[in-house]
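First chain written, first letter: the chains are A, B, C and D, and each begins at residue 1.
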Amino acid sequence: MTTVALKPATMAQALARAMRDAMAADPAVHVMGEDVGTLGGVFRVTDGLAKEFGEDRCTDTPLAEAGILGTAVGMAMYGLRPVVEMQFDAFAYPAFEQLISHVSRMRNRTRGAMPLPLTIRVPYGGGIGGVEHHCDSSEAYYMATPGLHVVTPATVADAYGLLRAAIASDDPVVFLEPKRLYWSKDAWNPEEPPAVEPIGRAVVRRSGRSATLITYGPSVPVCLEAAEAARDEGWDLEVVDLRSLVPFDDETVSASVRRTGRAVVVHESGGFGGPGGEIAARVTERCFHYLEAPVLRVAGFDIPYPPPMLERHHLPGVDRILDAVGRLQWEAES
Amino acid sequence: MTTVALKPATMAQALARAMRDAMAADPAVHVMGEDVGTLGGVFRVTDGLAKEFGEDRCTDTPLAEAGILGTAVGMAMYGLRPVVEMQFDAFAYPAFEQLISHVSRMRNRTRGAMPLPLTIRVPYGGGIGGVEHHCDSSEAYYMATPGLHVVTPATVADAYGLLRAAIASDDPVVFLEPKRLYWSKDAWNPEEPPAVEPIGRAVVRRSGRSATLITYGPSVPVCLEAAEAARDEGWDLEVVDLRSLVPFDDETVSASVRRTGRAVVVHESGGFGGPGGEIAARVTERCFHYLEAPVLRVAGFDIPYPPPMLERHHLPGVDRILDAVGRLQWEAES
Amino acid sequence: MTVMEQRGAYRPSPPPAWQPRTDPAPLLPDAEPYRVLGTKAAEDADPDLLRRLYAELVRGRRYNAQATALTKQGRLAVYPSSTGQEACEVAAALALQARDWLFPSYRDTLAAVARGVDPVQALTLLRGDWHTGYDPYEHRVAPLCTPLATQLPHAVGLAHAARLKGDDVVALAIVGDGGTSEGDFHEALNFAAVWQAPVVFLVQNNGFAISVPLAKQTAAPSLAHKAVGYGMPGRLVDGNDAAAVHEVLADAVRHARAGGGPTLVEAITYRVDAHTNADDATRYRQDAEVETWRGHDPIALLEHELTERGLIDEDGIRAARDAAETLAADLRARMNQDPVLDPMDLFAHVYAEPTPQLREQQAGLWAEIEAEQEGTH
Amino acid sequence: MTVMEQRGAYRPSPPPAWQPRTDPAPLLPDAEPYRVLGTKAAEDADPDLLRRLYAELVRGRRYNAQATALTKQGRLAVYPSSTGQEACEVAAALALQARDWLFPSYRDTLAAVARGVDPVQALTLLRGDWHTGYDPYEHRVAPLCTPLATQLPHAVGLAHAARLKGDDVVALAIVGDGGTSEGDFHEALNFAAVWQAPVVFLVQNNGFAISVPLAKQTAAPSLAHKAVGYGMPGRLVDGNDAAAVHEVLADAVRHARAGGGPTLVEAITYRVDAHTNADDATRYRQDAEVETWRGHDPIALLEHELTERGLIDEDGIRAARDAAETLAADLRARMNQDPVLDPMDLFAHVYAEPTPQLREQQAGLWAEIEAEQEGTH
């Protein structure tokens, strides 16, 4: 048995490596976006790609998001596999017509003749002290758009594995990168990066018997922290990391909730009309008779993302999660 | 007592009348959009306005939805009350950046100093045999955007009353007009149009004791029909017409579900990530111990809107609603 | 160095030399739309090409008439006619090689048909049948595009990809005058110019966007004048002169293929019919205007030229008309059969593999249909 | 009339007369950026205006330096400096009347300050404090706009509304070279031209959009060449020549006020600092280039002119510097105090009246904060 030399890597580095490996493996993979070339992206996630593969493979585009996504559609029509970076969540909005009317529909429109293997990377979420328009959690829009896969990693390993899977997918994938986890670190083996994960599988990050926290992306570490803190209250919380919002892994989620009988959905995105409603509703549909309490939601408020100096009030934190767990009608327990 | 001479009016006519009366009452009201002037709109909803108020008050704009909404923002900044028409649901997508980043946020951004009294009329939904891009139900996007009111009438009277309320509102209102109800008719008194409804109040369209159908817009008549048909099965269904998706009338909805103990949410929009998830989740949060069965959803499939020749399979119809009602675990009934 | 210290001996240097990145002069359109028919240029035109264009125009006009008739018979849900614009439609198709790509808007079924797409397949969308009736890769015709101008960045991306792959492919995209107001028009032209992508933009300026006349759409001297703002040549052409449109487009295609980058072509034409069969054009325009344009009919123009110069005789004209009638009869016959759609197709192509959620929904619909059929048997 | 019948006697008529809707020639920019300083035109410039511009430039430079310093001290979250671009910022503010409106981008806090907005209020957003620090109606300065080019249609709409109301108001909107690639730029200019709205578009072409140089942004001869495509005049000006920028903008404002419609002004300048304090400009450009531009510094240019022509003396220069130091000291002092934000404000202005849902959330947060405070007491 050889010793594996593990090294620390950040999520940003894992993402960069995923693109690098994908580009090396398949000449059809092209990275494009604002500042992704020479600069390596404002978060340095595309660092080194232009140098290694040339500007035709990693391209600084003009500053126009609809144009970026629209031309990527054309490139995908011709057999390329564009990986598009939207510089920040809110700057993906100008591309929504291309996204909704074309990216998500071209395969269906042509009865399968014209698939669009396209990855759209969107740094999302807050917690980084960013000013207006730099901290949106826009996953509700993507989830409500049939034809898109919506994927979001919470760990360094998943960042690599899921991005490779997204780029390898023959369908368009909206790949949501939790900004505040870009600098999160994990030990990994640079010689042999993690496995490519299939899209659509949730994972139980922590087993527990009292209740299930259903979450994803930036809220996963928060939920894990909450689960640790909950031990003091005598609760043994299970944490499910969805990883893929579309398709949704009903099996894993329902199995967990059936085991625990209680659930809280946790996300940064606004509550009203946000992902939590869908998740709570489908869990309830599937697990109604197992539920000791309604599935609760801990979410961002239904407000535009607040200024940095107030964001800590907005973001679901450990206390708010524990409060919700406390409201899961434990008194009903025999 | 004078006799009231009631005449039949279509929903399209009621909407036109609402704009006319609002324009007559307030010179700040301006109607703008593609083909709204000379032509009177592709659905003739703005018919006669340009003639009566001149082209400066009812303006044919260049063909650019972001430009329409963006200039309307500027007009509202200067104290006008623009009423913008998006020609069809899917053609509102190019305006999403203006909508999300500015329309919904300007008041909040300026701590109330710069409100945007703006109405965005969006004909939505299917059932009219429209080709691709002409039948989307995009309410999930609007609901997930804090700062917008989202309103949709289901009757001729509400079309008038709610549109007047929307135009009178100091907040931006997305006013969703169910296309297939444009030609629905009701008797009304042209001398004295219906009252202006406050935004945010649901209404019980039909009382019943067995279960509640929670619905809005184009699905309201379908639910009423289903409720009639349900009598044969021995069910006495209550039908709640939400009218306003934002704000949401928890009070009326919860009161109904507490009475009946069972609920089905019905809408045309796709199910996954659609309005029904939010509605089911919040009803469950509030009425858990009253519920005999999970809140079920009858929605459009999670697919791009189908071609006309297949749309009948997609749209929630009476049978599908009754099927869902049948799955509300009646056997559990004593 | 502080402001104080900069004084005295300090002399500011001139700005870094500025010069336009390209010479604007050749990018500007001519003062008059380019014409061939009825001018000296017609003498240089290839008679075979003219005859071919003529046959296609006649066929195209008949196709438009037949499609419009089908809407009246309830066989077509909606038809945006290109009557009066056949020269643009046909020339766009004929200016391309087989390896090139055409990006039509929703109005351009005729261009697709002229490029070889089966008319029934071209009309599939407008029939209420599936969203696209043909395999885009077969004739290299992108799906008919309804959201205005959104097909333009696709054309740019495809052309760019082809060039990156070393393929000798040009993309030609068609858009209306109204569509030029959309942001996607702007972004597509800018990307094309920056990338020097082999793409040709054909604006069919037919005077209207539904009811909105050009004067409410733009204040530009001409739409072709937009080109200089992107650093590409803008060309203005009489859109009812098939020979002129063909020549200008063929030049632009050659230029693009040779690595010269994109061109914007504005073809001045007129939408003789209403916007679609559902539209009432009398609400927004005078018959007299339509009549003026009928006088400058693309078919009449070309037929006149061919006849005057003895390039076609009665037989030639009859042959063109017969071919057109054959197309119409075939279309009529085949459109008379109701298409059979499989409801299960609703779920089959949303993703490469249906998600578990879609599989559930599919099973539900299947059960419903089975129950329905049992009910009716 | 069938095609057959059209033959023979039938002669197609010429097309309806075509002519450009406007004469393109006067819309095209000059071949060279317009300059005043160091040219004969300087002799006609108003000495008071030049001195005023000078004082504002010096103040602006100091403001930029102070704001950048505040980021290092953690007093400002982020600062996009306009060092090197002060001539544009200041001239934009000074070209307007009090009744006019300014629409700044996120980089243009200096223009807002030069127009009278309190610097602390102008920096509120960038401090991590509330999204907008000033009441837009007080100085008629729209909120700093972050999504690029999206403020341009606002400016058009506002100017249009003012004209409809019969008010004598002009809007001036600032956008970057990168921002010109966005669809909103296109749509705004088109609406402005069609409506003949009294609006002036100032493009600060500072060579970069973060790391992306102009050559990757556009292939146009100049950005000012875009104007003709909308039917408005395009003007090219040396963006470091405050007198020239002011003159061109003031002309455009006058033209707009007189009902002449919009103008597009491209000011050629340079972003001397990095994109923001968080950016590392050495990754994408050479110091030498920066140095060249430092030589063509807007303050040095104007100071040189003033000194050469004896329009300013040591005292005048010192007065300008002192005023700048006063601003900086005040800014430093006031930015040293932590702002106090009320978390309840999160819910107060989403709507005119909080929805029941927001009231619930507000109550929840209130309870949390109370509990927290009890915990800490």
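Quick note on the criterion: contacts are C-beta pairs under 8 Å (C-beta built on N, C-alpha and C of every residue); 3 or more make two chains touch, one makes a residue touch a chain.
Since this is a predicted model, take the numbers as computed values, not measurements.
The interface with the greater count of contacting C-beta pairs, when B-C is set against A-C, is A-C. Set against the Cα centre of subunit A, the chain with the most distant centre is C.
If each chain is reduced to the centroid of its CA atoms, subunit A and subunit D end up 36 Å from each other.
Centroids of subunit A and subunit C (each the mean of its C-alpha atoms) stand 39 Å apart.
Rounded to whole angstrom units, the spacing between the C-alpha centres of subunit A and subunit B is 31.
In subunit C, 130-131, 147, 181-184, 186-187, 190, 194, 216-218, 345, 350, 355, 357 are the positions where the chain touches two or more neighbouring chains simultaneously. Across the assembly, subunit A contributes 61-62, 64, 66-67, 90, 93-94, 97, 101, 105, 108-109, 132-133, 146-147, 246, 248, 272, 301-304 as residues in contact with two or more other chains.
Of all residues in subunit B, only 34-35, 37-40, 42, 60-67, 90-91, 93-94, 129, 131-134, 271-272, 301-304, 306-310, 313-314, 319-320, 323 touch subunit C in the complex they form. Residues of subunit D touching subunit B in their complex: 130-132, 135-137, 142-143, 147, 150, 152-162, 164-165, 171, 183-184, 186-188, 190-191, 194, 345, 348-352, 355-357.
Within the complex formed with subunit B, the residues of subunit C that make contact are 77-78, 125-126, 128-131, 146-148, 178-179, 181-184, 209-212, 216-218, 283-284, 339, 341, 343, 345-347, 350, 355, 357-358, 361, 365, 368-369. Against subunit A, in their complex, subunit B makes its touches with residues 66, 90, 93-94, 96-97, 100-101, 104-105, 108-109, 132-133, 140-141, 143-147, 246, 248, 269-270, 272-282, 284-285, 288, 291, 293-297, 301-304.
Touching subunit C in their complex are the following residues of subunit D: 3-4, 6-8, 10-16, 18, 20-24, 27-28, 31-33, 38, 58, 61, 181-187, 190, 193-194, 196, 215-222, 225-232, 238, 240, 261, 268, 289, 292-293, 295-297, 299-301, 303-304, 307, 317-318, 320-321.
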